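Each structure below is given as structure tokens.
Same chain, two partners: chain A is paired with chain B first, then with chain C.
Now for the complex of A and B:
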């Protein structure tokens, strides 16, 4: 990634941190919180779904683990920060279980397996009433007691900066190249000595930990969570859509995706009321059809095409077709 | 001294098909051997067995004193077995340079060092002009070279070249063959697999191993092998004899 992108991102983050000094409306801050929360979630998902190309549609498992972990453990008397750490550890355990099994599967089977795991967790949370409160839900302790919404907003910006920093670091490292190699061709990655199973699992660990922290923040802001909210397919989808809309496998994509998707959905909600879901759906279809690489991906490939136009006489081959004898 | 690569009575079945049937041979260090045979003879299966993609049903494979039979592909690569794929498998969203860097990452974790080594390999394969192109836009001859470049960048002790000249014109194939001839200079043994570009085999191979229906039917120097009646019968065809190569 070019230095100029990093500079723009740094300035944007710095300005974002100053927002609570100017904006005092809870409503606006809450929307901004949601944007940054999903930016962080999108960045976390992007490590697995974008860079590694493993379409996870079950990130609600880690999101829910964060929210429920924080709620249950602090109910049992653990201090808040320790509950948060343990909630992250629970998410890592889930990642290990889910990844260990699902990463053996490729393509759509992997996506289905991740959905299945998240759904199992949701059903468990609904039925293990003693542990989770069942359908009624569970109280989540507040992380902050004064100037609440401003602090939550700043936490979400902080989490996004953390996820962004991790993504930039990874995308410039050997580990990042390994992820992209696995995405493009797992057999090739293996043939140059990449232990694909382990690399995928590490990526999922990082992703799950960040997602769990976001889940804990989310639960703690609303003080209450129910299974159908934090463990739902809707959450899994929204996380994936944010990253794909902005550009899976790009550093800035998930942030752009979160800004576009969350502000659009808020705007549409206020203008069209119940019809907003319909318009939202149509928008998604349009993006998938015409910008499969997402907003940032599309912009990047336009630039790349200009920069790297092959010299004349360079014929584009039908490389995918096997050599016929 | 034990052989560098030793294929010892190896068999591999897929359901009822005996893809490799009790095959034994050895490869020495700094040797270029070619496995030839008609389509479906078991060449690719053999490469997949050596590189850990498949495991033999019977027999064993030893490489550099190590038993390979239950290795994964990435472990085989770490031991020094590089490979190319018959149906090219480039990393399509990465540039040519980045593709080769992935090979170099096997022994360095620094991207800048990997890029430096990748450039060197690309220069050797005369691909430096294509370095910054995305791999997805390359023509087939370049993709074939890219397969070799990526494998070479891992600094293998043995490289498995599965049909690297298939689909190339004779000129391109011979140009590539000239480069392959120099592999022993780098201390790399090579096992190639070729279906029908005999000219390349004759000019590059120190030794030829002929497979037919999963069975080893002949072995020897290129000159010896092409005159064996069973090889002409199973593979080269009687016309070849008339041509008197």
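Now for the complex of A and C:
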């Protein structure tokens, strides 16, 4: 990534941190919180779904682990920050279990297995009433006491910056190249000595930890969570759609995706009410059919084509979309 | 147990449709349950307007869903054929969101149920065994249709062509098979199977826009359990799943049934990926 981009990103983040000084409406701040939360979630997902090319449709498992972990552990008397850390550890345990089984599968089977795990967790959360409160839900302790929304907003920006930093770091590291090698051709990556199983699992660990923190933030803002909300397949889908819409495997993609998707769904909520998922569906179909590289990916490849304009008379080869297996 | 077999026959129909689409054609169809839901709504609308019973109305649902499946293939899936599974998953996922929320917009989120006189009737066999009549009728219709579907895939030209394409995508067109035509028809048939199962479930299920969601995953479970590419495997797996679910409901409670399905799924994938009848590894 070019230095100028990084500079722009740094300025944008700095401005975002100043937003609560200007915006005082809770409603707007809550929407902004949601945008940043999903930007962070999309960035986290992107490490597994974008860079490594493993289509996880079960990230609700880690999201829910964060929210429920925080709620259950602090109910048992652990201090708030320790509960948060332990919730992340629980998410890592889930990642280890899910990744251990699912990463042996490829293509659609991986996606299906991740869905299956997340759904099993949802059913467990609904039925282990003593532990989770079942369908009724469970109370989540507030992380902040005064000027609540503003602080939640700042935390979501902070989480996005963290996820962004990690993504930038990884995309230029040896580890990042391993991930992309696995995405482009897992067998070749294996044959040149990439320990694919371990590398994929590490990527999932980072992703799951970030997702769990986001889940804890989300639960803590609303003070209450139910299984059909934080562990639902809709959350998994939304996370994946954010990243795919903006551009999987790009650093900026998930942030752009979150801005576009969340503001679109907020604007259309008043028109479609309960049916606001419709817009997710339409966006997904449009992205797949017309810009499979996402918004950022498409813009980048347009620029790349301009930079590498062939000499006159040269027969231009067909531009190819990156193959995501 | 016996009720499980009755449910299982309808599952089998859903699963066989998916086996054709996913097992044979390798299209990862995340909209399968949404198509089933559409089948239910088609039969429902027909019933509301003409009072035609779903046991005849399922034919209408089948025709509508076939047309819809054919169009879906031609319009949406054909352009991305040959691209990765990743794209198919996202496309069909998007489609399923569009279908279920489109229905939500049109019909609202309310639960509907149809009232036909048959519902209250029970069939008694011996002193202890009682069946609810609608289930029994659905069961026999599903059985006949499952047999027809099997014949379609294994014996007709289209079915053979579809399997030939599955074996070798490049050789099939060389043998004079019109790949896209065959696949569009097969996709339509697979989707129609789901729609018909939906119509047959109408008398015994509540109808709401999200009713199909869990069936998408169940259909995948059946295909994997039955073995990739095996139509009869999926049918058998449907019966197994029906029985397992009804036993789970009986001993542990209804809410655990879904979890048991997925545990089966994960176990099959990790321990015996070729499924019960499949020859291919997944």
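Assorted remarks:
We take it that the second predicted complex is superposed on the first by the 296 of 325 C-alpha atoms of A that agree within 3 Å, B and C clash if a C-alpha of one lies under 4 Å from a C-alpha of the other, contacts with A are read in each partner's own complex, and residues count from 1 in each chain.
Note that contacts are C-beta pairs under 8 Å (C-beta built on N, C-alpha and C of every residue); 3 or more make two chains touch, one makes a residue touch a chain.
Here the structure is a predicted model, which is why all the values come from computation and not from measurement.
Of the two partner chains placed by superposition, only chain B is touched by A:304; chain C is not.
Touch criterion met: A:107 reaches chain C, while chain B stays clear of it. By the touch criterion defined above, A:283 lies against chain C but remains apart from chain B after alignment on the C-alpha atoms of chain A.
Between chain B and chain C, it is C that contacts the larger number of residues in chain A. When the two complexes are overlaid on their common chain A, residue A:120 makes contact with chain C while staying clear of chain B. Of the two partner chains, chain B is the only one that A:195 touches; chain C does not reach it. Contacts of A:244 after superposition on the shared chain: chain C is touched, whereas chain B is not.
The contact surfaces that chain B and chain C form on chain A in the two complexes overlap at residues 323, 325.
For chain B in complex with chain A, the residues that touch the partner chain are 39, 51, 53, 72-75, 77-78, 82-83, 85-94, 98, 101-103, 105-106, 109-111, 114, 132-134, 136-140, 143, 150-151, 153-154, 163, 166-167, 195-196.
Considering their complex, residues 53, 55, 57, 101, 104-105, 107-109, 111-113, 115-117, 119-120, 123-124, 126-127, 233, 237, 240, 244, 272, 274-278, 280-285, 287-289, 292, 321, 323-325 of chain A touch chain C.
Across the complex, chain A is touched by residues 22, 28, 76, 79-80, 83-91, 93-102, 104-105, 109, 213, 217, 220-221, 224, 253, 255-256, 258-259, 262-263, 265-266, 269-270, 273, 282 of chain C. Across the complex, chain A meets chain B through its residues 172-174, 177-178, 180-181, 183-185, 187-196, 249, 304, 308, 310, 314-317, 319, 322-323, 325.
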